[in-house]
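Just passing along the structure, written as structure tokens.
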Amino acid sequence: MIRTALLVCAKDLRIEMRSRVLLWQVLPFGVMALLLCGIALGPARAGNSSAGPGLFYLVTLLVALLMINRSQSVEKTPGTKASVATLGLDPAGVFLGKSLALASELWVTGVILLAGSVLVLHTSLHGAILALPSVIVTLAALAVAGTLYGALTSGGDGAATLLPVLALPAFAPLLIAGERSFSAALHHGGIWRWWLILSVALVVYSAIGILLYGVLEES
Amino acid sequence: MKQLSQRLFGPLTLTAMGVNLVLGLWIVPPDKVQGELARLVYIHPSVAWVALYVSFGTAAISSALYLWKRTRSVVMDRVAHCAMEVSVVFIALTLITGSIWGRPAWGVWWVWDARLTSSAILGVLALGYLALRRANDDPQLRARRSAVFGVLIAINVPIIHFSVQWWKTLHQGATVFTSNRTLLIHGIQAWTLLISFIAFTMLFFWILRYRYRLEVLRENIAGASLEEALSARRREGAQS
Amino acid sequence: MTNAVTPTVDLRSAVVLSGGFPLLSGVDLQLLPGSLTVITGVNGAGKTSLLRLLAGLVALSDGNGTVAGIDLKNGDLRELRRRVGWLGHEGSFYDDLTVRENLTFAAKALDRPLIEIERALQRVGLSNRIDTVTKKLSAGQRRRLALSWLLIRRPEIWLLDEPYASLDDEARTFFDALIADVVRSGATVVLSAHDKLRSEALQPRTIVLGGGRIVSES
Amino acid sequence: MIRTALLVCAKDLRIEMRSRVLLWQVLPFGVMALLLCGIALGPARAGNSSAGPGLFYLVTLLVALLMINRSQSVEKTPGTKASVATLGLDPAGVFLGKSLALASELWVTGVILLAGSVLVLHTSLHGAILALPSVIVTLAALAVAGTLYGALTSGGDGAATLLPVLALPAFAPLLIAGERSFSAALHHGGIWRWWLILSVALVVYSAIGILLYGVLEES
Amino acid sequence: MTNAVTPTVDLRSAVVLSGGFPLLSGVDLQLLPGSLTVITGVNGAGKTSLLRLLAGLVALSDGNGTVAGIDLKNGDLRELRRRVGWLGHEGSFYDDLTVRENLTFAAKALDRPLIEIERALQRVGLSNRIDTVTKKLSAGQRRRLALSWLLIRRPEIWLLDEPYASLDDEARTFFDALIADVVRSGATVVLSAHDKLRSEALQPRTIVLGGGRIVSES
């Protein structure tokens, strides 16, 4: 399982490196979305630093949706699907590998967006650093859940539009927990509780994925 | 004549930059309100002017010329590309100098202000232009698409500028000129400011010229390897 | 030019690049109206690339060329595309529309009477799938759909990339008859193939590509 | 030109009807995103009706991106592109037709999201009705600009991610103008100025599209 | 069963539905290990559908079937897919990776030594494209890549959908030799084709499909 995971993860990251979609497209999109959120809220509210965590996660979520989409579209072409199916890869490994690749990409994006929100949304630098561990866990959970939902919606008609519909409600709790823990970090509150909740979510989603990813891929 | 002016352009630019720095950093007395900090006024506004208008203008005009059938040539495409690349650097510099100024002046790195927001948006647009170029590897398709985008950006510059103003404004506005175009600052300060604008504009074109030459060199190298690629490809046919 | 008939296709050391790689490395080719040309060559020789160049689907990187009197370098490629008929490896048309809807769209775009649709489908033997969504068609049926579409258009230049692939015997026989007919009526037909043409009636000129250029001819 | 436009528009709408992506995927996504925005801002701010217009347009923008993407992906498959190219359709007509189809879909979505924001974000019903004309113009401008940007980004590497990067900054002014006019309608201010600005944007984008769409499609 | 050898493929009135339409409308078929079967039939007869069923890529809607001892209704289709080799109409593999990277991925997934990659590419004649990105390959080169991949895997059941399409003469000859070899070694090969097989050495059983079922056999 672990070998398969590493193999799949390396493959996904290599495809990413080759196309550089993350660097040239996803990151600018994230920065832009951050700015747009500021615009949509108007200066008075956006300047208000308490909106920072919420906006940060909102933008991260949008970015994650793009990246999940891409992570699945790589597998989707009919020919690829059939011939990769004949490799008989361990689905749990595929799931973990894809999640890991997605998580790495999300971490990079997350750190940059965090820096962006310190600059743009006046989130306190100290708070952002304190929040970093919880951000990492949240993004990992997002990656794991995203891989699961990505597989669920891939292939069908208009998969690109189906994904957000199913995923948004599922990700909302993660978003809320992440936002809460971020806010707690900002106000020097106890973040351990949120940490725990997020870790549980991460573990639960991973377990579900390991058990059920095979069912999703079957056909 | 043309040769001479070309050869003189570099030294002239350097001189202008030098004069600007010397005047701005040492000769001009510190500002009454902002103190030494105000010296950024000889860098930041002119950098911003280049970033927003000169470079985008160059890119937009050459894009439009590319789109017009009669002036369509690879030169226009290259100029647009290089100008946009240089523009990214200048926008970054605008943001950096502005933020450096903003931190002591306003107490924050960033505010939700018309100028700042529109500068950032334009930065993303310039990056988008470069991303668009990367996404297409057929040279003619790439040239056409980026030319269209170059024109679209040009329309966006005023739209963004005004829209962000309609949306809300709070920033340092007309410090140098009032709305009826009367000069608010005088003497050596005004002259230094003028020189800084000229110097940075010249700097832009200087860099642009070198960037352009680099591009041509790169294409020549590609052309040389093209000959090689052609004969390798032809050999493929001979083998079978 | 000593020849009274102007050639439909006239390439002079045509080069096509893709990301620095020469798909075509210098092709010289003249084709007259009413001619049938078969392009063969090993895999990767450049057959598809040559056909795409003639169809105006890729740009000429170096050399010169005209097709149907349109310059490939500075001419109006859109006008060129309007005058050629193209049959590629990949499926054509909108996957989510039915056979009838696809052909109706095309016929309307070209101001052709809708009655021709049914007639063309009859000829290619696809009438029984007229209301099937295109993406559900089998490989050969997609090919037949693309053919029926060429029947409606009757272009002056036919560019066909491996037209026999996926077609069954009946369809191949029909196709040979069609091509013979089309060539007789003065259109220029260029097709790529790995097999010999089956119909004895067709007397094609055969061009062998290799390494992106013409290596022999018969 | 007009005939081509109608033909293309009918074709696009028929494909949409057949796949029902709008009904089953885009609309639920929009509603979901509206709710999520509310969550991200926290109850205190979201309940505040003055955020309504901004959030409405933010969500509409996201929905529009999905729809633009789909509108282009229909044309994108290599085979389709080649054979449709041989139809020699007037590019200006294609541009107008696709814009019109997109606009119709956006209008439907917009009206429903407007209703949604009355319900969820406590936007006043009266204000929403007053804002309707400006919403219609804004969405039309978004559709026109979107078709242009969609064609600009289609086909290349990772087109689905490139579109938002290029389109977000370009659409930001439309978003702002729309938001202003909506807010003006809520506060019974003069909306004619915004109306005018938006109409000018609509006309300018249409003109550019009519002139340049052919250049984009050429190859 | 009177036969001592258990058949690799055993279908009993197999039906496959897609959106209510029967792709296969009742197929009975037994194939023994070491057999070569060619499926022909008019376009839309159901050849592709039958091969996809045998590969475990579509589900059995009615009737019974086992392939390689795995029940198509309740068995582990993933295990089945691992045991078949599949060559479809469409390209295989990741378009953004190079030939080498794609094969390395596959070889590592299967625990095969990497040296086999170069050997296989040599055999199918694709060594000169080893570092080309897969999406740039020509139609025939993609086919060759898919073949090289089957060479590395050497599955027990080969399911090939129109394998000759897009292959040039050299590749076809190689392919025929390969199939003869594979069949001799005891694998089961099923392929669909519109042409006669060219190699005299191969003595296939030919099945003619029509309307989703077997109409004749020889």
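In order of appearance the chains are A, B, C, D and E, and numbering begins at 1 in each one.
By definition in this document, a contact is a pair of C-beta atoms (placed from the backbone, for glycine too) under 8 Å apart; a residue touches a chain by one contact, two chains touch by 3 or more.
Predicted model only: the values in this text are computed from it and were never measured.
Touch-path distance (fewest steps) from subunit A to subunit C is 2. For the pair subunit B and subunit D, chains touching both partners: A, C.
In terms of the distance between Cα centroids, subunit D is separated most widely from E. Interface comparison, C-D versus B-C: the pair with the greater number of contacting C-beta pairs is C-D. Mean C-alpha positions place subunit B and subunit C at a centre distance of 47 Å.
Inter-chain centre distance (subunit A to subunit D, centres taken as mean C-alpha positions): 26 Å. Chain centres here are Cα averages; for subunit A and subunit B they lie 35 Å apart. Remark: subunit B and subunit E have CA centroids separated by 57 Å (rounded to whole angstrom). Touching two or more other chains at once are residues 19, 157-158, 162, 165, 168-169, 172, 176, 179, 218-219 of subunit D. In subunit B, 121, 124, 127-128, 131, 134-135, 138, 140-141, 164, 167, 236, 240 are the positions where the chain touches two or more neighbouring chains simultaneously. Subunit E has residues 89, 170 in contact with two or more other chains. Under the contact rule defined at the top, the touching pairs of chains are A-B, A-D, A-E, B-C, B-D, C-D, C-E. Put simply, subunit D touches subunit C in their complex at residues 4, 7, 11, 14-15, 18-19, 74, 77-80, 82-89, 91, 214, 217-219.
If you check the complex, the residues on subunit A that touch subunit B are 20, 24-25, 28, 31-32, 35, 38-39, 42-43, 46-47, 119-120, 122. By the touch criterion given at the top, residues 148-149, 152-153, 155-159, 162, 165-166, 168-170, 172-173, 176-177, 179-180, 201, 204, 208, 212, 215-216, 218-219 of subunit D touch subunit B in their complex.
Against subunit C, in their complex, subunit B makes its touches with residues 137-141, 222, 225-226, 229-230, 233-240.
Interface residues of subunit A facing subunit D in the complex, by the touch rule stated above, are 19, 21, 24-26, 28-29, 32-33, 35-37, 39-42, 45, 50-51, 54-55, 57-58, 61-62, 66, 69-70, 73, 157-158, 160-162, 164-165, 168-169, 172, 175-176, 179.
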